[in-house]
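We call the chains A, B, C, D and E, going by the order they appear; numbering starts again at 1 in every chain.
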Amino acid sequence: MSEGFDYLFFLEVLTGGLLSGVMYSLVAIGFVLIYKTSGVLNFAQGAMLLFAALTFVSLVERGVPFWLALVVTFAIMVLIGLMVERTVLRPLVNKPPITLFMATLGLSYVIEGSAQLLWGTQVHALDLGIEDIPFEFHGIFISQFDLFAAGSAALMVLLLTLFFRYTRVGLSFRAVADDQFAALAVGLRLPRIWATVWAAAGLVALVAGLLWGARSGVQFSLSLVVLKALPVLVLGGFDSIAGAIIGGLIIGASEKLAEVYIGDYVGGGIEGWFAYVLALVFLLIRPSGLFGQKLVERV
Amino acid sequence: MAILASETVTTLKHPDWAGPLAVLLAAFVLVPLFGSNYLIEAIMMPFLALSLAAVGLNLLTGYAGQVSLGSAAFMAVGAFAAFNFNLRIEGLPLVVSILLAGGVAAAVGIVFGLPSLRLKGFYLAVSTLAAQFFVQWALTKFGWFSNDNPSGVIDAPALSLLGIAFEGSLGRYYFALIIVTLLTTLAWRVATSQTGRNFVAVRDNETAARFIGVPVLKTKLLAFALSSFIIGVAGALWAFAYLRTVEPAGFNLDRSFQILFIVIIGGLATIRGAFLGAALIVVFPVVLSQVGTFLLGDLFDSGVLDMSQRIVLGALIIVFLILEPDGLAALAQRLWLRIGSRTRSLSEG
Amino acid sequence: MLDTHYTFSALDGSASFREFPSVNVQLPNRASRVQAPVALSLTPQPVLALDDVTLSFGGLTALAEISLSVNPGEIRAIIGPNGAGKSSLINIISGLYRPDTGFITLGGQVFRQVPASRAARLGLARTFQNLALFKGLTVLENVMAGLAFTRRSTFIGQAFGLPRARREDRDARERAHSILSFLKLEAHADRLAGSLPYGLQKRVEMARALVANPEILLLDEPMAGMTVTEKQEMAGFIRSVRDDYGTTIILIEHDIGVVMGLSDRIAVLDYGRKIADGTPAEVRADQAVIDAYLGVARHDDFEEGI
Amino acid sequence: MSNLLEIDAIHASYSETIKALSGVSIRVRDGEIVALLGSNGAGKSTTLKAVSNLLPAERGQVKSGSIVFDGRDVQRHSPAELVRAGLVQVLEGRHCFKSLSVEENLVSGALGRGSGRADIARDLDHVYATFPRLRDKRHTSAGLISGGEQQMTAIGRALMSRPRLLVLDEPSMGLAPMVIQDIFRALKKLNRDNGLSLLVAEQNSTVALQFADVATVIENGRTVLSGPAAELRDRADIKAFYLGESGSFSTDRPAA
Amino acid sequence: DEQYFPLQSYRVGPYAAGGTGFFGGFIDYMNLINTRDGGVNGVKLTWDECETQYEVERGVECYERQKSRAGAAAWNPLSVGIAYAMIDRISTDKVPLVTVNHGRTDSTDGRVFPYVFPLLLNPYSETSGIINYLASKEGGLEKLKGKKIVVLYHGSPYGKETIPIYELLAEKYGFTLQQIEVPHPGNEQQSQWLTIRRAKPDYVVLRGWGVMNPVALKTAQKVGFPVTKIVGNVWSNSEEDVIPAGDAAIGYTAITTQASGADYPIVKEIIANLYDKGQGNLEDKKRIGSVYHNLGIVNGILNVEAIRIAQEKFGKRTLTGDEVRWGFEHLKLDQAKVEALGAKDLFHSINVSWDNHEGEGYVTFQQWDGKKWNVVSDWIAPDWKLLRPIIEKSAEAYAKEKGLKLRTEADAEGAVN
């Protein structure tokens, strides 16, 4: 990098970063949904993603048509949501968040195990019919696939925002996350709310799982993409869908730029933690993320 | 929203001396006398190291209320620091290396504990992941830490304590046991002292704690330091007494979760819980796999069996959380009470 | 409302409040903090004064130009409708809020904001309106925690049981026990504070505040959620703390009967302004107070007049 | 009058270990106001939580006895179903949704019942009329308002679901005297005009006995006394112990 | 008599795909020996599996559990971490530890590591083999001068192990070298590949692991870097690495020690004897002859032949671990012998001695055509003269650190039972 600054390259890295960021956001949104209604980080989101992708790809490989497979998988995700509500959330109502968090960890074992038990441990290729081949745009290579992913993310955010804005469900979600005991007393149907939101999270997991699966193959490590989503959540705020998007873009872009421009000085491979440190620095300025709801406390 | 159980069954009271004494007796005498090599090598060693780590984490998460997902990083710091002290400082007794390593872990703990002064709940928890990933990266990246071993793996030196060599699996067992006993006693003393009460005060109500003159910032950092110290020593035991060789990847996020699991399943804010939880987490998968193979090995192929075990393990964790959110310690106490009342009613009736 | 007979009956436990001085605790020297002995002062120097304190949250003015003085050894009540700013006032005195304008004089020192972490050392103690107990500690430990600011020993000393730590611990324990028996909480000493019924929790808070032998005690609705009997008992405690130790007490309470019977002077707040300040008799007769707070309604009115 | 709520000899405990109730019986008839009296820790709150089937959420359990609301066995219905059936509770310690604004808190009360927008608007007006103070605070987070304002919010929230039986746990706690009067007056009016039945646990027995038709006293988890409020009001021992009106203080509890 | 193989297998968790293939092949081969030959000279082969999920401490637990059973022949964990944790233990217990294609490079030195056998290929030989292959494509080692090679490695000790060797070779042959790290697990490589494209290298060596491999191929495609210029190492060479990448992997080349495909006599025999009778270990028959499965079969051949050789010396009975060690140290399978075993062209040959525990390190290269791997090179040998001194130096340092005495040939000849 001795010659002058290569703007085109910078732009390319930036674009690539932003588009990767969208992929992170896709995963992060699933977390946000659950956090909004239970105040809990759902660690099983990664497992759900894996489950959805694996189910879909296995169905397709067994000759089920694309759209039918999509519908069936979604139906199964809804079923999982219902079961989780019944067997995990309902008995753990009004328990401290950390207990629920641990339960979601246990849940991730169950889901991962079932996924592999059902569909085997093989890796699969997933072809969504969208080429991941770049086209050139003013000297920058952009992949169709990334654009498609960005489009899906945008659509999902739009849907969820409308859902929260124009139904009263949003209010009950927030109430439940705030004080479960009071929510019970007020007569909110926690089971129904949770089942809904887990089904929605299942849908998000399906979309994210398909996109990530198409990129990296459908295999166990798909459940590791959650690690990419966590700093996004911290940065954007656990309970903000907009935050998940903005956070994803910021993390994606700065992580790539850091790897390319700073990585050399410390020997590279800093992407693994850079996002976390960035999020941390950010948090010190805004303790509940960019768009997260502030903790309300008074004496 | 407060992240911790508001009704943790605390056992800050003096426990009867009889219980711990019996346990120590069993650990020091019965296990070596009657335990097989398998029990000692494959069960007791990881049990001891993980228990100690959980004791450490419990000080931080259970008592002081700061959730950390980075415990494995501090274990790694402890292991690699002890390795380097021992390697690079000629003639330094091994125990001193290990204690210094604990000190290094404590220092790193303080650095990564600084965010706790501003962050709470899951925000803090996720921020401790920075420690997890950064430490692992640094240990892999800089060959110096592993004495430029091409595989980044460190090998354990021979164990000795006060000039006595601890050899063989029994020797290593005693080495670990002595250190665990001492540090647990220390942790228990701290937990039941004013410092421990300050931890709980900060956890339960920070504002009130500050107002009555608990130095909140100092207390939080002290919790991070103490906890990291103990976890660091546990890491050294894990590396030196148990596995005898470790690589940074051995201290990954799963390990952090495992320790947190132990703390939660055992019971927040109980020292006993750390041991009960560790016993469960260490023994459980082993029992599950042996029983599984024994009972169903002929029916299913091993892949199916292994997968089912993972499912069962996850399900059991959930069941435990549902049945006893206060942890095994509370469960044990309840059983104890029940047995007590039954014997009493028997003797009366 | 309270007869002396009752007040003393509350005190005839084995370890009474009177025995405090015999316990050797290293508290800041009380004598040096007290400005003037209660009995001697003719024009008492206030131990606490607020000057022109204003506090606002966003657009809302919670307190507007409040000035208030509190004399040593006085029981000073603050009353007013809900949301009038009473708790905010106490939060300012205890350093949890910083006023927009004005200052606080405490023990001769003038503050823009009282440093909350040094409040205990300045002789302040308080209870909280919405309970701020350490639920995971036992009652005894909660009370001992009230002495946290006096601790000099480090965690190392405590872990290894060095003499100073042991002495401090023993002293704190004895002191806490004597307070518990004074407040008739001995029976609950080893229960987790969080599992007690509400009323008892309030009393434990009071014990935690008292254990440091504070110069000024701030009580935010200490009797909410108690039966009349329990209130009477509590009032007895409050009075005897003042009588025996000259502790200055600032009291927020909605039970007018208790307030009138207990306090020396009463300040009345409404919408963040002080609308009256004087003796119980003066306040009771003040029309503004009646309109804003007391109302005219008495018992037996549920059936008619609605 | 038919029985709206019938609590029959319930025993309850927490975490399998802490016994909280050992024989509480209460009956609330349609259109009646019942006061539940008892000192600290007597088990009032536990009884009320049992009525709304909220005990399981606090690791509590009704061990024996029955609770029947309007023909339903309460223990077989979720709290949400009970709310829909008209049984609503105002919890001890307010339990407002701290991060929601006052108005959102109030609206959340209507969600349980599934009211339409117009209904909600009307009910909101009604609540604001009862508690004018809340109107000023409608956009403030409930976590930041004063203790009394929170109490009003909690009661308002319960009223939003148009209950048939309103269960109140110490509604007067932390309220200014005039507000207490206002609230009870408002409740009384609802009782008279709409036939709202009320079960109120109160420490402030003076007010409670004024207000209620019937009162039940529990001690150490047992019903010890029950009868028309007016009658209890006149009993000397009750007066001495709960109303603090007697000249001389006595530590003896009133005989059952 | 029975000879027992404790298997620390992994069929769950992130690396289950590789584990099922490898252990499937290994078990298939042992099964074949039992059913076809009635064991090795009448000695039945037995085994049991203990699940490790690729986790070190589970591996150790399995070791402690399984070692109590009599007649253990050798350990084959197929995991670097587990292998490392076992070195101390197997040295005390005197049972060989076989780390085919992986493990500690310096354990090749039998003077210091009597019981450890990184058979077929160690990381240094692999590196040398890859560079030799690239040279052959360019037309000779001297043609490498001035070329540019990028090594994209997994951010783990495994990935980093060969950094100094590449540097050494770069200096020796005069090519420019850039080594770029991909953080674990490697599901995001945008920045790395943009950097690569900008660097315009002649070749990229992919030293990947798990999900990193398909993502690398996909990302290369996305940034427009030709896949034909990418060469994978021995842990980036399986179907699991390319299938998920779909079309992006067509034309990708990778090193291997054993060819893939089911066309070899021994594989056919396994199909005929086992799978056709429903006794095969793989659930999915499509995976017969896959890279991991064939590696498992080759691994089976090596283990079984070591026993056979040891039996010649010690008698046709259950052998002790140390006797099997002797067998491994005399494991010489030349190409004729390999052919006799039905494995001609499946792997080249092996020639283990008391101080060289690797064999010969012959490798070949295979290219993915979207369906299967096709061999595209001859068998290539590494640069022994260059590597051996480095290995010895490292091993001697280890011996010094541990206070071990170097073994001599005479020490190696005897065996304890």
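What we mean here is this: contacts are C-beta pairs under 8 Å (C-beta built on N, C-alpha and C of every residue); 3 or more make two chains touch, one makes a residue touch a chain.
Given the structure is predicted, the values throughout are model-derived calculations rather than measurements.
Asks: Out of curiosity, which chains are bumping into both subunit A and subunit C?
Replies: For subunit A paired with subunit C, the chains in contact with each are B, D, in label order.
Asks: Moving only to chains each one touches, count the minimum steps from subunit A until you reach subunit D.
Replies: So the least number of steps between the two chains is 1.
Asks: Touching both subunit B and subunit E, which chains are there?
Replies: Expected: A.
Asks: Kindly work out which chain lies most centrally, taking the average of its C-alpha atoms as its position.
Replies: Taking the mean of all protein C-alpha atoms as reference, the closest chain is B.
Asks: Distance between subunit B and subunit D based on Cα centroids, please, to the nearest Å.
Replies: Roughly 46 Å, centre to centre.
Asks: Quick one: subunit C and subunit D, Cα centre-to-centre, how many Å?
Replies: 29
Asks: Please compute the C-alpha centroid of subunit D, do the same for subunit E, then give the distance between them in whole Å.
Replies: 73
Asks: Which positions in subunit B touch two or more other chains at once?
Replies: 4-6, 137, 141, 207-208, 303, 307, 309-310, 325
Asks: Which subunit E residues sit where two or more other chains touch them?
Replies: Counting only residues that touch two or more other chains, subunit E contributes 11-12, 16, 20, 155, 183-184, 283.
Asks: In subunit A, what residues contact two or more other chains?
Replies: Expected reply: 113, 116, 121, 178, 267, 269-270, 272, 295, 297, 299.
Asks: Would you pull the subunit A residues touching subunit D in the complex into a rising list?
Replies: Checking each residue of subunit A against subunit D gives 93-94, 168, 171-172, 174-175, 178-191, 293-298.
Asks: Taking the complex as given, what residues does subunit B use to touch subunit D?
Replies: 325-326, 334, 337
Asks: Can you list the residues on subunit D that touch subunit A in the complex?
Replies: By the definition above, subunit D touches subunit A via 52, 54, 57-58, 78-80, 82-84, 88-91, 95-100, 104, 107-109, 111-113, 141-144, 157-158, 161.
Asks: What part of subunit B is in contact with subunit A in the complex they form?
Replies: Per the stated touch rule, the residues are 1-6, 67, 115, 118-123, 125-127, 129-130, 133-134, 136-137, 141, 207-208, 253, 257, 260-261, 264-265, 268, 303-304, 307-311, 313-318, 321-322, 325.
Asks: So in the complex, the part of subunit C that touches subunit D is made up of which residues?
Replies: Going by the criterion above, the answer is residues 3, 5-6, 9, 57, 60, 80-84, 86-87, 129-130, 195-200, 221, 224-232, 254-256, 293-295, 297, 299-302, 306.
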